[in-house]
């Protein structure tokens, strides 16, 4: 099979054609709130715990999450609360305190503060720690991010109370690899710079397995593993340049990425090599300067970028961006979208459950509504797979470009790449690590076993 | 070859800031026998103050010429501010403890570390601050077919200048003699008419100034982020442990060793770049527990 | 010139000095004699200001020193050579001397120093040996050299009173003679000396007046010949 | 039989000859005093013999065994105990615990960490006995730091004594205490030493004490042994009188009487 | 100060007080909610660590700034046993954890006790950071920053007698584990109390007070310090082993040097010159930190201010100060 055919089969499209095709016309979901709730609804407030990076270098990724959450909460409260009665109260927690502290804080939120929903969380180091705790506590949890495959592969193999709505982590590396193979199929010498923890390892593994299927002869010529929170990348950059790569791949994110690209510019790292990142533009959009190199694959964690889908084709995005900008005077990132729609999906699940059983639904009822939910978000349709509670939507990435309308660099909506997520993720019931294979993730094994080697 | 030169330059660049931190740490220990756990935080604070000063005065208006000059001149504000902070902290928080076992001094600097870390969060917020406009304005110079940021050379010059200046200051000036005399025999120094309290304030302030300067010169190249102080402290510790606590030469050589080992680690052992540093420190400790230039 | 008035001093919990009073006049050599641990060093350190007084007063040139930090006392013209000499080991002898030289200038400006021309010449005059040692590190001095440097350094302050703690201890007899000579020279320069000495013989040869200390109390005070004749003093000093 | 023998023992500090070729023999059961002016090397000799300082050259034989390179604790175990001129106690322990500790250590019971110290009745009884002998029974529960100077001196000796040494090296046990207490302290020490037939070497300035208690007197000067002999022989040695008193004559030592 | 109270150890009185406190602690879970039970369990575990730590600081006079290493080695040993050997018995895990820690403490201690004072502190700190960097960097062994998960409800207590399956497993686990830890704590505290008051403990205090004289009553100072170091490390390692299943995972955070600082903090907070000080300090610190983290993003500031004030105003800690006040009151 040749590369073009394969990419076509997998559904990779450039320029947003996919968004148009996957867009059945449904009325806005807000309309459902008008239906009067059934039965007796208590008027006590609903308590939510939202944990995200409020400080540290990751705050540029985390603050938008809390902002998205708060915006949704404010809107819902202004409309009288969920089922018209229960208003939302949010306790926020700083994810920067460290995994151990986060675990303690989650327990405190449930056991002491008696929260009804736990949400947020960015670091993929944290969800595998927090997921089992949430299950232990029987606490309904919708992670916005913390997208590691490991959560469902190993940590919580049979989730009951935990959900997650951003795209799964393996999609990051795979999306980036497919986009790179589509764009620069001749790049064989690959240099890597990844943060030294599970996210970076995951990105490295999945990029390489997918890319080597599509580009025969691809090889790793350099590896750099800076510690999360590194501020001096000069030695990593020099090493990368010294390997004379065709393509540089990175999953460094947040404040670290800003430091990395600025230092790399001064060393001329982008001069001779192409650059592809899984998550470069995942930060709050304004954190990226106009000096960022143009034409790089600047991923958004394969989730959402505020310029796409364009408002003329997808009103939900247009409305969301406007509301968000009006409230916070900045543009949303994928965390904002995730946190915002998490609350609306939760609300929708409650409303549906209420119509079925009346009164305030118990958690079982809410969970059964969330499972299999198909929801219209700013990023397109989101589907929650019932077996693993993972949210799926089309994987997205794009190319950096300076335009006059924004004081920062954006992803060019005209050249956005989308891939149907089901085509790059292991199907349900594919063996998980430890079940007959020891590959890093089920998806890795699935790609390794089933994808053809293109010629 | 070009790569080799650039990696050497990178190491020297890294060594410069590391030296500034470690020299201050060593100086304070040498004169006052205080192991200042808040020292890395002083470095971070210096970075924040400088970035804030540059950002406030010039905004993001890059550009060269006078703007650049002004920004460069503003940078040392971080160092001066931290020296002032040190001059306040020594007499108020540390002096009451000189009569107590040294454990208390260690603990109070640990408390100070926590207070200052969060104060930075409180004052400067969670978003990194940068003075990158300086770097951009200074551009890069070509080395072979590659580029090297001009500003990094400035940092090296500052580091080297500080090393020479400090050496000259300590070994060639009146105050240096007084400083060394006080560090060796505080009582006798007093008996000869030295105001030891004042010398202590000055020494602590100079140590803080060095840390602040380290932060100030680094901030255009990187950024001021929360947590940078705790990381810096532990690296400065590796430097003084390798070089010898209380020794200026030790801080200098130690900073070079640590930076070159780090660069070599990144270049050749990317999987364990960090562990290499600590293993080196542990190895030196096993062979020469007082460090290369230290005295027990 | 110096008046010590009924001072009580503690070292930690131990009560060392009990109501000690003494005085030193202008151009006078006064010796404190007593056994090890009798309290001689404690008296000297009290005068220098290293130990706080629990009671009593110390007056120097009519000024109350009580509660004044040591460096202020030094600036007022009190030179000090401690028992261990206190030579800074990692400074050169030259640097050791310079420190008090600089501060001596200030003392001279205050007018409390004895009116002399140049403390440097005079210090070298007392111990010309020191001149040859200027480049040497304090660490590498012999016991005798160290004592010389310590006294010369104290002289650089242009003091009007010199406190010498066990200046002769551990010196060979020849060197002891050299020091006796030096003390006389210093006295001739118009500087008063208060020195602690455990050897009655040596003290009586040098001192104009003598205080005998035992268990933190002055048990005798008067001219040396009276001390030698006083059985209580002799006994207290021997044991 | 010689209990302790030093052969050409040497220890310099730079140019100071603290211990200079000292060859000395102490016989079993002797009470020997070491005298000499300040800086004569008495304390240094004590330090070298007890293991506080290592000899540069020479040899130390104890009970016929070479202990020149033994550590201080090893010498203690062999039977050399010492007191200190400047009182050297465990200030934060009580008088009782100070003595008990010495007994525990002597009996190798300090390795025991599974039994309460105060439940060891044998040790408690012995410690109380020793405190009694040294007249410190009433101060049993006082912290060492709170004792008076004379009591601290006694406790220092008691600590050495509690080790049941063969050789007791006492460095100026009466320095820094009042004349009145001095006699009492020496009487106490002498009584204990005599009764247990201990070999004792005592560094002392008070010639009254020295003459009264010693079997033999060793005079040191500038790190070397200047003279040694019976109290009578030393009393009449003019060179010694000159060194110690700065004056000589037939009655030099008794003049003060 | 009443000197009699200082040394004369009344076994009966101490036992009565201890039993009374233990009964109180045993009844507590029926009064307070499960979250508080869980917090208290953390507190008791830290108390064990602080007790171990204080054998060095309080009794031997050595300030270690690297005790995170022993806590962490205990924790990681358990995590390895659970993950790689499939161990589920908590007792086996404890034994493994303590053995692992003892080996490391013996190794590090041998190097460290050559020095005292600040050099000792720095040496312990540097060595602990070696362990941290290994845990951090050897991703494929330790899981890097992700750490290793050891869910408590997967463990069994008392040689398999108690296990946790089905719904509410976590609550059941916390409840049982509290008693499990309480019993171990009681045993360990009693053990430490005996050690501190044994001839060995007396020898340590003697060395702390006066190293020179200790040598001259026949104590090989360095060997005693080394033994103290090993025992101290082993106790702290035990705490680390107990902590893992309660926390549910272990990460390099507990090996990083600020955690060593927290152990010192706890001990000084309670008062390192008393036996009970570290226990009270650890429990108090755990509450303090938990509520500071929960109530403010500036929790470090809160802790820092507490520490600074503590050092300046109450250097004897909670228990030390309480004792002083008590004595003053009795005198009047």
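Going by the order they are written in, the chains are A, B, C, D and E; count residues from 1 in each one.
As a convention for this text, a contact is a pair of C-beta atoms (placed from the backbone, for glycine too) under 8 Å apart; a residue touches a chain by one contact, two chains touch by 3 or more.
Computed from a predicted model, the values in this text were never measured in an experiment.
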Quiz prompt | Contacts common to subunit C and subunit E (chain labels) | solution = B, D
Quiz prompt | Intersection of contact partners for subunit A and subunit D | solution = E
Quiz item: Quick one: which chain's Cα centre is the longest way from subunit C's?
Solution: A
Exercise. Could you find the chain whose CA centre sits the greatest distance from that of subunit B?
Key: D
Quiz item: Looking at C-D and A-B, which pair shares more C-beta contacts?
Solution: A-B
Quiz prompt | Distance between chain centroids, defined by C-alpha means - subunit B, subunit E (Å) | solution = 34
Practice problem: Averaging only over C-alpha atoms, locate the centres of subunit A and subunit C and give their separation in whole Å. | Solution: 79
Quiz item: Just curious, how far off is subunit E from subunit D if you go by their C-alpha centres, in Å?
Solution: 44
Practice problem: Compute the distance, rounded to whole Å, between the mean C-alpha positions of subunit B and subunit D. | Solution: 53
Self-check item: Residue numbers of subunit D (touch at least two other chains)
Solution: 146
Quiz item: Out of subunit A, which residues touch more than one other chain, so two or more?
Solution: 54-55, 227
Quiz item: If you look at subunit C, which of its residues touch at least two other chains?
Solution: none
Practice problem: Kindly provide every pair of chains that touch. | Solution: A-B, A-E, B-C, B-E, C-D, D-E
Quiz item: If you look only at subunit C, which of its residues touch subunit B in the complex?
Solution: 48-50, 69-71, 74-75, 80, 82, 86, 88-91, 95-96, 98-100, 102-104, 106-107, 153, 157
Quiz item: Of all residues in subunit B, which touch subunit A in the complex?
Solution: 3, 6-7, 10-11, 13-14, 121, 126-128, 130, 132, 135-136, 139-140, 146-149, 151-152, 218, 221-223, 225-228, 231, 262-263, 266-267, 270-271, 273-274
Quiz item: Mind pulling up the subunit B residues that touch subunit C in the complex?
Solution: 174, 177-178, 180-181, 184-185, 187-197
Quiz item: Across the complex, what residues on subunit E touch subunit B?
Solution: 57, 63, 65, 111, 114-115, 117-119, 121-123, 125-127, 129-130, 132-134, 136-139, 257-258, 261, 264-265, 268, 297-301, 303-308, 310-312, 315
Quiz item: Contact residues on subunit D for subunit E in the complex?
Solution: 50-52, 71-73, 76-77, 81-82, 84, 88-94, 96-97, 100-102, 104-106, 109-120, 141-143, 146, 159-160, 163
